[in-house]
Structure formats: structure tokens, C-alpha cells
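The same chain A turns up in both complexes below, where it pairs with chain B and then with chain C.
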Partner chain A sequence: MLSLVHSNDSIKPRSEIPLLETSDLTKTYSIGGGMFYEPLQLQAVSGVSIRVEKGRTLGIVGESGCGKSTLSRMLAGLTPPTSGSILLDGCDVTGLPNAERKRVLRDVQMVFQSPYSSLNPRMRVAEIVREPLDVHMRSLSKKERDERALSILNRVGISREMARRYPHQLSGGQQQRVGIARALVSEVRLVICDEPVSALDVSVQAQVINLLRELQRSLGVAYIFVSHDLAVVANISDDIAVMYLGKVVEYGRAEDVLQRPRHPYTQALVDSANIPDPVLEKSRKPRILTGEIPRPTDPPSGCRFRTRCWMAQDRCAVEVPALVRRGNSPQAVACHFA
Partner chain B sequence: MGLQPKGATVRGQILLGKDDIQAMAPRARRRLNGQRVSLISQDALSALNPCTTVGYQIAEVLMVHRGVAKQEAMARAVELLSLTGIPAPSERVNHYPHQFSGGMRQRALIAIALALEPELLIADEPTTALDATIKAQILTLLASLRERFGMSILLITHDMGAVARLADRVLVMYAGQAMEVGDVASVFARPEHPYTRALLESMPRLDKHGALLEAIPGTPPSPSEVAHGCPFQPRCAFAGDICREQMPPAVERSNGGHVACHFALREMNYA
Partner chain C sequence: MTEAVARAISALRLNRAVLAIALIVLAILVALAITGDALAPMDPAQQSLRARLKPPGFEGRTGIHWLGTDAVGRDILSLIVAGARPALLVSGLAVALAGFIGVLVGMFAGFRGGRMVDLLLYITNIQLAFPFFLLAVTIVGIVRPSVSLVVFVIALGCWVPFARIAYSETMQIVEQEYIEAVHVMRGTTFRILLRHVLPNILPNIIVLATFALGTAIVMESGLSFVGLGVPTRTPTWGKMLSEGRDYMQTAWWLTVFPGFAIFLLVLSINVCGERLRDITDPKLMGR
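Right after this comes the complex of A and B.
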């Protein structure tokens, strides 16, 4: 697994040391269990190796239970991985003592799905955005910290007047802007956005997506953009990793993955995205998957997708397909028949 | 469905075929629900009764409305579950809603709605809570059931893609007002209301990935503070003085249908 991403030249541009790189990252939870029965082992994320270059966006897409939220929490340092490593600037943060890790992970911030519940209801907007500076940048005077908070708020479209309000006095879109400002206020280099627009009204989604793209252009920050919505991920990402039941099944440049999906799951995902063009929609025959996502506590043997796959053969039940470039495919695919 | 809370004032007329259902007595109207019109909602878990089996909830419709005996109704429940694509329906019929996955609950709800073979199925955000591949399954299921039963579907959704896939005609609403109505192909290809156009252009599309989106500024108004005149006017790029003064009347679209805008985007404006 480890050598695989190194040999995968589909992700470009290549710098010597990527901003963030994971190898074989795995998270296993034990659930239940008691005097008479063994706890269930739930492998939420299984052997994930990804890399993010400076100033670029990696989109992670998958359906519920695919492990995308667990992965983003591990990358932000909110959940320790069971095994595998996370390299930030080539330095493994998983082995670091707590205080040291906290200092290093300052460069990584997170934007959460639910804008309201991720903001402290008893703090004013300006205080919420200043808080990371209060923690990480004590060397600045309070006035300087206030100024920085107001200036980033201004950049995300929150006026000085609104900065005096409490979160509940803002709309959902404005709350998410505050969440973004809080993530960007310290000198951050990677922002992990976990479903940042799925709680927003359709007409407001586009504002927030455009804002994130604009901030990336001006600040040079990198994003990991996690979503269940392929069209949203497609819009913002340079590279895309498609996850299914804890594993990455396809990984490569966004245009390759979207235009020529190789993994049957990616193909079905691309097909299931409706395009607002009635003529096109009514004429095409989308590939519809049968069945549902298996329980993550009891994933299928071999390839985890085989129970819903139209190409599955006996081999798929026995042999786990590795995520590698196959044939002339520019992207890496975990399927025996891709 | 006549499910609005007490205290709501409903003006206007609702005709189902030739029958004015507003004028009906509550009893007669109740008989109509399920029989001629039925509803599936977004949140299938809260729409189902957690304390009885899914099969009984389907059978109940037949027992109440048609006086079918329980055994027969349960047998029909199995058929309906299988019709909506639930695997092993004869086992599943005895399961409770919590034992179903999200997609299966939505199928069970569809089975209940179809039990009496209604003329009209109202689907209120039927796929919003579902994963992408399951959503595709449900939309395909609705399309095939529509063929099979010859029923009409009223699809209520914010998903323009789902509208494109399933609908023949579309009504675009904003803050309680009808903005534009017409044949789906013509409304999507040539939206004449600025809101329709903005909505279509603000959606990220898989076939145009990477393009910067045309965001609509501002936020939708809360129902209590809708602007004077046209409700979309504070967010509209084309708004003029007249829009702040009066709600535009619905006028005919160039390709059929209607649009409520003082500055409807006619063919020539597209040049």
C-alpha cells in the first residue's frame, strides 16, 4: 500500500514533499461487547493512502458509512488513527507527543457540516473567529488579534456590524462563512472541509463554494473537501478520491475520474448524479446499482463492492483488489477488471 | 392532502378531476386520501409507526379503506413490498421500521402510498435524505411505477436534476409565490424568470465541472419578512423600481407556460 501512492504519478503537480500525505491509514472501532460476547470490530477507514499538494484541493466523495468523516477527523488530529501514518511536510504527526502534535496541527483547520452547532452560541462572531489566535498566537496583542479576526471576517463577507452579533442571529450561509473565517484566521495551510455546504440552501451553496475557491486563490491554502455530492466535489477539486466502505476505490485527477471513471462504483456514482438538462436526463440510461451498502461491521470478503457490482466474479470474493494504475488508466483503481 | 394546521387560511380551489376537494366534507375528504391521492414524505422514519410492523402498516390501508380481511391484506402487503423492490419481502413484511435501511423505508412508504392505486402520488422531497446511488434507485422506481399504474406524480424538490429526470412540467416557486411554470424542456433550456435562470446556473453540474458558479446573492427570506412587490426582487440582478412596488402578474412564456416577472427574459435577451 505504502509504495503505491509513491509510484502513482497521476497526482500532479509533484513537489518533493507534499503538504500532507497518509499511508495505510486505518481506524478501527470496537463497538458493543460485554460479558458474553465479543465486541464488533468496525473498520471505518481501511488502508487509505492519499496526498495533498500545497494550494490544491483533494475531494473525497462517498456515501454514508464510507469512512470519509472518520478520515477527515483523523487528518485534523481529532481522532487518533489505529495504524498508518500522517505526514505533514514529511514529518509524521501520529508519533508526536501531544503538545508537539498540537503545535504542528495548528496548520490544519477544519470546517464542519453543521454551521450552527459548530459555533459557540454564547460567543460573539468576532470572538469565535479570534479564539484560534488567542490559543495559538499569544505573541500578538489583543488589538492585533481583533484586527486580524475582523479582517478575515471582512474577506468572507461578514461586516463589522455583523461581527458583533451572536451565531443565532445569522443565516445558515453567514454562519458557514464564520466557520470558514475561523479556520483561516491563523496561518493555516490546509483546511479540511467536511460537508461544508450540505446543510445550506441550494441558492446559498454556490456562494460558499465560490468563496472557498476565491480564498484558495488568494491565500494559497490547500483543501480536503469531503462530500457525498459528486457534483459539488467535482466543482472544487483538483484531485478526487472515491471511497466505499472505508477504502479508496478510485483516485486520480478530477477530470480523469469524472470523465473516464474506471471503477464500477465510480461509474454508478457518476451515473446517479442527475444533470439539470431534461433532454439529456430522459434519454440516458443510468447504471443503477442494486442493493444497498453493506454493514461496515461485516464488510464483504475480497472486494468490498462486489455485492453490488455487475462485473463481480469468483475472484472478487477472495482477492482484495489493490489500488493501482491499471492498463493505460491515468488514475489508480481498486478493481480486478478496470 | 388537507393536512395544513388549524388556523391556516386556504383560499382558491383544488380540483381533483372534476371534484372540488375544498368543498368536501371532512369524512369524504379523508376517504380520498390514500384512495385517490397519497403522499410520501422526506423523512420516512418519522412517517412510519415505529411500534407496528411495516407489513401491517401497508395492510392497514387496505383494511380501513377497502375492508379487506387481515390475512388477505398482509398477502397484498408482501406483493407491494416486492413491487417496490424490497428483497425477501415475505420476511421483511414482519419487520419493524428500525430494521429497515433509509432506502428501504422510503420504499416501504411508497408501498403504503400505492396500496390503493391512487391517481396522484405527492412525493415531497422523496430522495433528499438518501445517498446518491439509492436516490437513483428511488427515482427509477417512481418512474417505473408511474408507467405501471398510470398515475400522476407531483414531485416536490429542490433538486433540479431530479426534476429534469422525472418531470414533464415544472413549477418554480419562491417565498410562496409561483415564479415560472411550463414544460420542463423549455423552462430548463430557456428560463424566462431571473430566479429560474439563477437557480439553474448556481447548481454545480457534473458535465461542467470546474466552472465557477453563478451564485445568487443574499439568502431566501423567512416567510414572515417577504419583501414588498416581487419576493425575489432583493436578490435579483434585473430588478427595477416597479419590482419593489408591485408583484408582477403571470404572463405567457414565449414557449408556453407562464412567468411572473416584469422583466421576463425573452428570447432576444439571450442573444
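Right after this comes the complex of A and C.
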């Protein structure tokens, strides 16, 4: 897989190599275990293959426990994958030696879920945002680094006066803006946003999402936007991957996935989102999922969604549905009946 | 209701008064330690066979002995003044050393986790199970006593709480998202520990240091008492206690005054430390 990409490197035009591509990315955790019994194997992420183009946004959506956070931590280089590869500009970063990987992964930054705990309470806002420059732009003078930090803060709507404050003196929305400024201050190309707005009020969520879109237009960064909230993901994404129990069940362009969802899980997700039209809202018959997400240490055989699926048949318990385009659907779906 | 409020206010006033007294006592003792025996009313080394074991208020040839004289006729007040420097210097250096080593070891264990933690807990458990004085007497008995040795021995006696606090606090802090952010920007371990972990554990460490200072002063006095303290021209507070022990029945002032000096110093340091803890408590910090 890796050699294929490299041999094509010279022939293909640059733009055809995606910024980030994963193939069969898997993360397995061992839980417990001891002298007399085997540890439980928890497959948090199982065979995920996604790609992100330059300057575009991939939304990853799924309920809690579906492995979306583990996936984003692997992409940010915080957790090593158990198997599979992560290609950045066609170059496999998982196999690189430590120092080299650190250098390559500088282009990938992260915005965290909790605005407050992602900022060091004992550092001033300006220092927090300057820190990535302190780490790997030592060629700039301290004054230049300060200026760059202040200018990006200005772009996210944090004034010079506020930059002198400590994080606890800012509101949640302002704190998250600081987190975004920190991610974007060095020359990054991919920002992984792990539930960046789920801790904020709805009105502030919209502001932050608009800010992210605006920054994408002007800076040309790509986003991987992870959320449990389909409405939020729909708002910002070019492509959407829907995850269930560690696997991608539907993957395609945002409008295809949202308007004509093929996988029953996606259909239920789309149905569960509110429609801001009372007439439509009253007339529709949403499919509501029942039951809990199964234990990831002991996933169902065959299709992992079959225990909660209204279309499940005997075949689903035996055969694992592959994530492929089916019939005339533009998006890939992992369901036998899509 | 009003009664409760009044009680709270008076308690607060009392607290403030105690704190003020503690600060004044501490300031005086620190000033004495800095100036040495220059502030002593008489030469603390001056012996006088005629003025042996005189009670407080005795008027000798060189003036009034306000706190009396000891077995060789030295002025107790002057000896206490002269003893402030070794007491504060030795305990201060020992706590600084203990804090440095303890925080360093604790932070690394908390950051690395796994085997480092097992090792740390193993060592600290052994140390805590081993009587400090036995250890101290053994070491000081083998090596010739000197200021640096006594400092080292006392530091050995109080580094454990530093390591444990630093370890447990670090373990919590490295789970925070702001540490993950440094990982994502590929910052070094050194940066994480120095710029992020240390400033966040420092308030607790400072408070701990004030309590350790009290312990260290008592340890120093104890070592001096058994004759293994700092070699100085005049006896330290602990040494004064041990020298005065034989005369306790007849000349109480030989032991009571140096003992009171130790008590006063330790108490005022602890009061200030407690106040420092309240100040740095994040729950009491305003938004």
C-alpha cells in the first residue's frame, strides 16, 4: 500500500495525494488480565480508512463510545495505532522514527473538547498561544513570536487586553477561541477538532463554528471535525463519516449522507435531529433506536449494528458488510440491504 | 444569626491577630539570623565563673541577664539570639534540598508512571518505616559532623512528603488536556514539567515547605541535643537544651527559654504556612 503511493508520487499531480489518508487503522486496548486470565481485548477503532483533502473538512459523527475520540487521538499522534497506516502527504507517519515523526506531525494540531482544562490555568492567554512558536519556531525573535500570537488572537476575536488575562477570566466561548488560536498559530495544515463545541452554549457553538469556517477560507487549513451532534457536523463538513462501535458505517459527501442516508444507523441519526419546522416535525415518523450500544469488548458477530437494527436478518449475524458503494449510491455504505 | 456572624467576625479577627503575631515573630527571628550575634546584648561566648547559673534578672558585671545565665555564666538571651542563625540556616537549606530532590523525583515518577512509581513508593515506604533518628545518628556517627552533613541528613529526613505530593499532583495534571496540547505541539518532556507541571504544583509545594521547615528545626534541635548537630562557636538551641537538662530541677531557665524559642519559631512558621495554603486554594480564588 505504502510502496504503491510512493511509486505513483512522481506520476500523479500533487493535488491527487490527499493531505491525510488512513488505511485499516485499528486500535486495540487490553483491559485487565492477570496471572490466571487473559486480558479483555477492546477494539476501540477497527479498520478505519478515511481521507482528507487539503483545505476541506471531514466530519466524523457517532454516539459516545463509537471510537471517534480514539481515532482523533491517533491522527494527532497522541496514541499509536495497533495496526494500519496514517499517510500524511502520502508519507506513512506510523513507521517513522520518533524525531522524524515529530517533525512531520507539526502540521497537525488539535482543538480539545473542554475549553477550560485545555488551557494551563497559570499561563496568560498570550503565552498559551505563543507556545507552539516557542517549541518549533525558535528562529523567530521573542518579539516576533509575540506579535504572531497577538495577530492570530486578534483574528479569532481576542483583544490585546484580553490576551493579558488568565484563562479563568474568560468565558467558555472565549477560551475555545484561544484554543483555536493556539492550534492555528504555527503553519498548520490539518486541525483535528475533537468535540470542540459540545461544552458550549448553543448560541456560542454557532459563533465558534462560523469562526472555524472563516479561518478555513482564509488560511486554507483542513479540519477533521469530530462530534456526536449531527447538526453541528452537517454545518461544517464537506465529507461525513458515520461511526458505530469502532467502524465506519457510512462515508461520503455531506449532502449525500445527510439527504439520502443509506445505512439504517445513519437514517436513525438523521431522523433524531430536530427539524425547525413544526408542521414537518409533526407529520414525520422518525425511526427511533432502542437499546444500548453493545459492549465493545464483545461486539456482535457479523454486522455490529444488527442488535439494534430494524432490518436485521440471519445473514447480518454471519457476514460482515463491507464499506463499499452499493447500487447507485454515491456514498459508501456498510450494510447488506442498502 | 447575628450572633453567628459576630462569632465568625471575631474568629476572623483572632485569626488575623494570630497571623500578625506569627509574622512579627518570624520577621524578628529572620532579622536575628541575618545579623548574627550583632544584636545580642552581650557577647554570647563570654563566660563568667562568678555569674554561673544565675536566675533571670540577675545583674552581672556586663549588665542585666534578662533570661539568666547558664552553667558557665554565659548570657542565655545572647545565646538564643546567636542560635537563630544556625537554626534557620540549617533547616532552610535542608528544606530547600529536600524540596528540590523530592519535587524532581516526584514529578518524574508522576510523568512516567509504571515502574518509576513502584520504585518511588518502594523507596519512600522503606524510608518511612525506618526510624529517622537511627538513620541520622548512624550517618553522623560515621562521618565527621559539619554543616553540610547535618543539612544533608535533615534533608534525607524530610524529602519524602515532597516526592509524594509532587508525584500525586503531577499524575493528575498530566491527564489534563493542556498537557495533551503540548504533546500535540511536540513539546519536550522538559517543557511539560518545567512550564506546565511545576507552576501548577508549586503553591502546594510552598505550603508543604513551611511545614517541613518546622519539622526540620525540630530535627536540628534533636540532633544538637544528642550532640550530633552543627559544630558552632556557641551552642545551638538544641544543644542548650541538652546542656541545661542536668540543671532542670534547680535552674529551669536553662531549658525553658531555648525550648520556648524553638516552639515560637515552629509555631509561627506553621501559622504562616496554613495561611499560605488558604491563599493558594483555588476554591477560594475568585473568577
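Rule of thumb we're sticking to: the second predicted complex is superposed on the first by the 323 of 338 C-alpha atoms of A that agree within 3 Å, B and C clash if a C-alpha of one lies under 4 Å from a C-alpha of the other, contacts with A are read in each partner's own complex, and residues count from 1 in each chain.
By definition in this document, a residue touches a chain if its C-beta (ideal position, glycine included) is under 8 Å from a C-beta of that chain, and two chains touch if they have at least 3 such contacts.
As the structure is a prediction and not an experimental result, all values here were calculated from the model.
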Fit or clash between chain C and chain B when superposed on chain A: fit
Touched partner set for A:I288, first chain B, second chain C, both or neither: first
First, second, both or neither for A:T94, with chain B first and chain C second: neither
Which superposed partner A:H168 touches (first chain B, second chain C, both, neither): second
Touched chain A residues, chain B compared with chain C: B
Partner chain in contact with A:S117 - chain B first, chain C second, else both or neither: second
Vertex chain A, arms to chain B and chain C (CA centres, degrees, nearest 10): 80
Chain B versus chain C as contact partner of A:T28, first or second or both or neither: neither
First, second, both or neither for A:S85, with chain B first and chain C second: neither
First (chain B), second (chain C), both or neither touched by A:H136: second
Chain B versus chain C - smallest C-alpha distance in the overlay, whole Å: 11
Residues of chain A contacting chain B in one complex and chain C in the other: none
Partner chain A, residues of chain C touching it in the complex: 176-178, 180-188, 191, 195-196, 199-200, 282, 285, 287
Touching residues on chain B, where the partner in the complex is chain A: 87, 101, 103-104, 131-137, 139-140, 158-165, 167, 184-185, 188-189, 198-200, 202-207, 209-217, 219-220, 235
Touching residues on chain A, where the partner in the complex is chain C: 76-78, 102-103, 105-106, 108-110, 112-114, 117-123, 131-132, 135-136, 168-169, 179, 182, 186
Touch list for chain A against partner chain B, complex: 63-64, 171-174, 201-207, 209-210, 213, 228-232, 234-235, 254-255, 258, 268-282, 286, 288-293
